[in-house]
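Chain nomenclature is as follows: A, B, C and D, assigned in order of appearance, with residue numbering initiated at 1 for each chain independently.
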Amino acid sequence: MDLTPNDDQIALVSATADWCRDHMPLENARSRSRDLWPQIDAMGWASMTGPEMELDHATEALVFAELGRFLAPVALLSSAVAARWEPRQVKVALAVTEGRMLRVLDGSDASAALGVVDRRAMLFDLPAALSAQPSLDPTVTVARFDEPPSAHALADARAALHLQLVAAAFAVGCADAARDMAAGYALIREQFERPIGWFQAIKHMCADMAVRAAVARSQLYYAACALDSNADEAAFHVAAAKRLADQAALENSRANIQVHGGIGMTDEALPHLCLKRAHLLQFVIPAERSALLASA
Amino acid sequence: MDLTPNDDQIALVSATADWCRDHMPLENARSRSRDLWPQIDAMGWASMTGPEMELDHATEALVFAELGRFLAPVALLSSAVAARWEPRQVKVALAVTEGRMLRVLDGSDASAALGVVDRRAMLFDLPAALSAQPSLDPTVTVARFDEPPSAHALADARAALHLQLVAAAFAVGCADAARDMAAGYALIREQFERPIGWFQAIKHMCADMAVRAAVARSQLYYAACALDSNADEAAFHVAAAKRLADQAALENSRANIQVHGGIGMTDEALPHLCLKRAHLLQFVIPAERSALLASA
Amino acid sequence: MDIGFSPDEARFRDECREWLNANVPTEKRPIDAAEAIVFDKAWQRQLFDAGWAGINWPSEYGGRGLSIVQQVIWLEEYAKAHAPWIGANFVGINHGGPTLILNASEEQKAWHLPRILKGESIWCQGFSEPGAGSDLAGIRTHGRIEGDELIVNGSKIWTSFAHVADWQELVLRTEEGSRRHAGLSWVICDMHTPGITVRPIRKMSGQTEFAEVFYDDVRIPLANVVGGLGNGWKVAMSTLSFERGTGFIADQVKQSQEIEELIATARANGRIADDCIADDLAQMRAEVAAVRAMTYRNISEVMRTGQPGPEASVIRLFTSELGQRLERMAVRLKGAAMLDFQYGDDDEVADYLRGFAATIAGGSAQIQRDIIGERLLGLPKSR
Amino acid sequence: MDIGFSPDEARFRDECREWLNANVPTEKRPIDAAEAIVFDKAWQRQLFDAGWAGINWPSEYGGRGLSIVQQVIWLEEYAKAHAPWIGANFVGINHGGPTLILNASEEQKAWHLPRILKGESIWCQGFSEPGAGSDLAGIRTHGRIEGDELIVNGSKIWTSFAHVADWQELVLRTEEGSRRHAGLSWVICDMHTPGITVRPIRKMSGQTEFAEVFYDDVRIPLANVVGGLGNGWKVAMSTLSFERGTGFIADQVKQSQEIEELIATARANGRIADDCIADDLAQMRAEVAAVRAMTYRNISEVMRTGQPGPEASVIRLFTSELGQRLERMAVRLKGAAMLDFQYGDDDEVADYLRGFAATIAGGSAQIQRDIIGERLLGLPKSR
């Protein structure tokens, strides 16, 4: 039993953060070039648990939490799942279904989209050209299909859990980003002749952000290990991780805007990017009550 | 339209508070003598809206909120309702039903108990001697009946709303009492060489108590007026008042204990009396979702 | 206490309703800022001509001189009729005008008030600064007296309608070296004066309704000072209580409508079958009712004493947080369609995103809780 | 990272389980305080004799000298077996003993530690004072040095088991005129010394488990000072981190059991059909799982670095509030039977009422949030 990252994992996380800071800084999230995906692809993040690298979900979760902190492209989620359970070397877009309606997120240069229907991961075929539009999340485009295109289910039932897990990791990263932005701002912004972080009202709001992020991150680690060890209760633990990570991402993002005050409500500041990403992630296999209440 | 008390009402509330402070102080709530009820009866509170005094529910709600602040005997609620809709000069105990089980609260010297079953006020006949026990609320005794005794329904459907209204008034008083205790303590208790009310963590907790109490009190006034004017939406407004008052009483009572710290958890301090009363009132016609969602 | 209205008041309500039914524009208020201003001015003029502008403003300045209850009735009927938001006239009608009524000289009132009521003068606010948001007393924009003029330098931020406004209620430091609340003045600033630059700021909902305003040696006549040099803090605060008299009515009626629409939506799409949704809706319906009751209590207090009670700060805090919960429910009921939002859309998502301002602008929720703790409960000041 | 245990650890777990299954008393721990102490001592002796006391305490003082993971496994199995609460031995085992291990002299350790493990010495705490609750540095109880003794005067409060304790971990001011954290000492106080008076305090749940302790010229040998005169603050703080290594395990396992019981109860009485109840249970089940994960992370950190991470304060805060929510759900599911509670009952209502202590004792939730904001996030100290 060990729920702390080992030295290799720490080095990998730190290298990921360095790369993101240099090549994918949050400040540029709204104007990412089409060249970004090939660079990301070259870094191997989309195939960490695939047949070539064969890393475990624990390592993947650690790295994806770091990528999530920089609001990395959401196609990383779907591509990573596809790479593991139906290996292919291409970008796979993220699919969100609701009733008959299918939304394809981050679909540029993708020929397929991966999403979950009735707890089963599905690969949807995409037409050559998508009519994509801007979406709520400024880093993501959306293309809508009133009727879903042709699709097939992935053979292994764990693929859906895998998608839920990496989405939870992204949400944990998002929660971390919001917490750090808020704490950083609370240290430098002054009102009433003091840094606002001196005031308990702000300090405790930041403390609650830290609590939510820590709780979600811990469960993420446990869930990743449970999936790695094929534990019976993996489905519960992954759902629990997703529930807590979604809440942490959304509530931290909201609190971050409140801590920032006026500037937090503007398009030019960064806090709204976390908020919008947090909302997007809510739609990627939200944790159902029934999954959380299921007997192990 | 006027939702502020007039001069007569202000005088009546203030006289009520004076009497309570002298004859029924909170400090003695656990050891009230059997003589208290005849004194209360003599004050006329249990028959304010009855045929002799014919005061309106608005005035009654104001006075009952004040009585509630001193955790007055709960039989006042049931007695006031009985006096209006089936006039009698005796103490009527408060009945709480759950399934077949009937609990009679504050039943000493009472020959009947009033409670609500399926939104209908019922008068239950009581045996000459009750086997009453201490209850959660140290000011109240409870006697249990596995099968309810003989009973009849009050003719007017408004009797149930009346009970809900005065119970809401008691809860508003309870919420006020907790708020004032907390604010008072926050002013005198020092930690870190300052009154604890100086700290935003405590100050904002007290502010939230003030908000809850003000919100509940406002809706109480409106509901009382709606019942007075037989407005169509009286049932909704009374339910809304009960919901908000119950929440204010319970959450303020909890916050009050937290503000008091260690002393707040003791039997000898007063905060727990509000908490226990707040819990008791939750069982007196809680506001149902359906009543709050009903179309006017 | 009673919740009924007098026969006169009931008649007045009927008049409001009749006129609104016949005259509320069928087209929506335009989203485009330039078109919106034309729309706003025309609609305000129409209101004025029909006698519905400034219902409780003094009649000598173009108002109707009626009671606050009649103003409340008008606002209730106005919202119920889904009449358009007064938009660019908001600051003049709800803030600048009331401040002038309470504090300005005869000349200032006679010139400005009728123009505000007629929609001829558009006003904007100039209180917040980049360094002084919640901390209004931290204002650094300053005016140096030179002859009969102030020479103003500095900047303001979060100014709505700055790009279309004719006038600004500008609070600035007119005493060199003064600190905090002292040495501030409340001044009428002509937005067309040379030296003023407006930089629009885009909100996270896509709108550019507010802006940063820069002052570079801007000359304002000393005659434009309201309430006397150095009394700016007192003048600014006086309006808060006026604003809080009837300022809540419009919000309250809007929230009443919103909760009914949310319940209808949840019934229509079946989501109300989820008890969690149903219970949240039930809870908010009770709370919206309570806000009306609180608002009525507050107005009753104004009628009785001429002043809103200290609980106005409670209404403000509670309404702002309730509004945000209503907006959250609206996007929750929207489901994955929320993902389709883009800048330019004016829907529940835009409302939700804009709604973050409710607990930030005009004194954050944190400041409101300080005020409640200190003024209502007498706890010691921590700042 | 992995959540599995080694074959050795798995074997150890089997041993724990076997012994517990065979030896956990069938009768409940008595409610009566006098009977409870006899029970507690006997059970502790039984644990010691079988080699289950002080699993990760040094073997030279009667412990087993095993790893923290084995301690964790024991505590998990202990809770799963519904073995009795260690009651009066709590302070000695979880607090006094660990403090001595980290700070005491050889003589002190050799004399006290085995007696604690055998259940022969009952300990109580003496930190809080009427004027120093959350503000531990506000301690006023003082000891004047006279020869080789301290002459102690003052009082302590919220001392659990004071009426049955043999020894007390007493923090007091030993430097006249010293302020705040300076000049405090951590002293072993013999509770049978003349001049000590214990006044029991009844809790709102009816129990009198804690007390106020008064010191009137109480003589304590200077040899009983632990960690050196004037180092009391450092000594007291050292235990916090030890306590936080494994101190959370028992709570966590208890909460795991509670949530499963609540779900079973809600299924049995049909209340789970209310989606609001179901969702609260689902949420808390996720949170309880997360607390286990956090606790494992914390223990992993201790194994790796010898120190729990700064996130121990997060576990403490989150667990205390989660525990209260679990207790609230338990009384919610109880319905009107809650009204039947009376002093002496030891049921969900008693747990709920006692549970208010979780966010007050040992540093209020407010203090915990300060600590998290300051130590984890680096925000400026406000006190």
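Remarks
In this section, contacts are C-beta pairs under 8 Å (C-beta built on N, C-alpha and C of every residue); 3 or more make two chains touch, one makes a residue touch a chain.
Note that the structure is a prediction, hence the values are computed from the model and not measured.
In this assembly, the chain whose C-alpha centre lies farthest from chain A is B. Each of B-D and B-C has its own count of C-beta contacts, and the greater count is at B-C. Chain C and chain D have centres, each the mean of its CA atoms, that are 53 Å apart. A separation of 38 Å divides the Cα centre of chain A from that of chain D.
Contacts with at least two other chains are made by residues 275, 279, 366, 369-370, 382 of chain C. Residue positions of chain A touching 2 or more other chains, listed in rising order: 199-202, 204. Taken as a contact graph, the chains are fully connected, with every chain touching every other chain. Contacts from chain C toward chain A in the complex involve residues 128, 131-135, 138, 157-158, 201-204, 206, 331, 335-343, 349, 353, 356-357, 359-361, 364-366, 369-370, 382-383. Across the complex, chain A is touched by residues 1-5, 9, 69, 263, 272, 275, 278-279, 281-283, 285-287, 289-294, 296-297, 299-301, 303-304, 311, 314, 317-318, 366, 368-370, 372-374, 376-380, 382 of chain D. Within the complex formed with chain B, the residues of chain A that make contact are 199-201, 204.
Those residues of chain A that touch chain C in the complex are listed here as 96, 98, 101, 103, 105, 133-137, 142, 144, 190-193, 199, 201-202, 254, 257-258, 261-262, 264-268, 271-272, 275-276, 279-280, 283.
Contacts from chain A toward chain D in the complex involve residues 1-6, 9, 58, 62, 179, 183, 186-187, 194-195, 197-200, 202-204, 206-208, 210-211, 214-216, 218-219, 221-222, 224-226, 228-229, 231, 236-237, 239-240, 243-244, 287, 289, 292-293.
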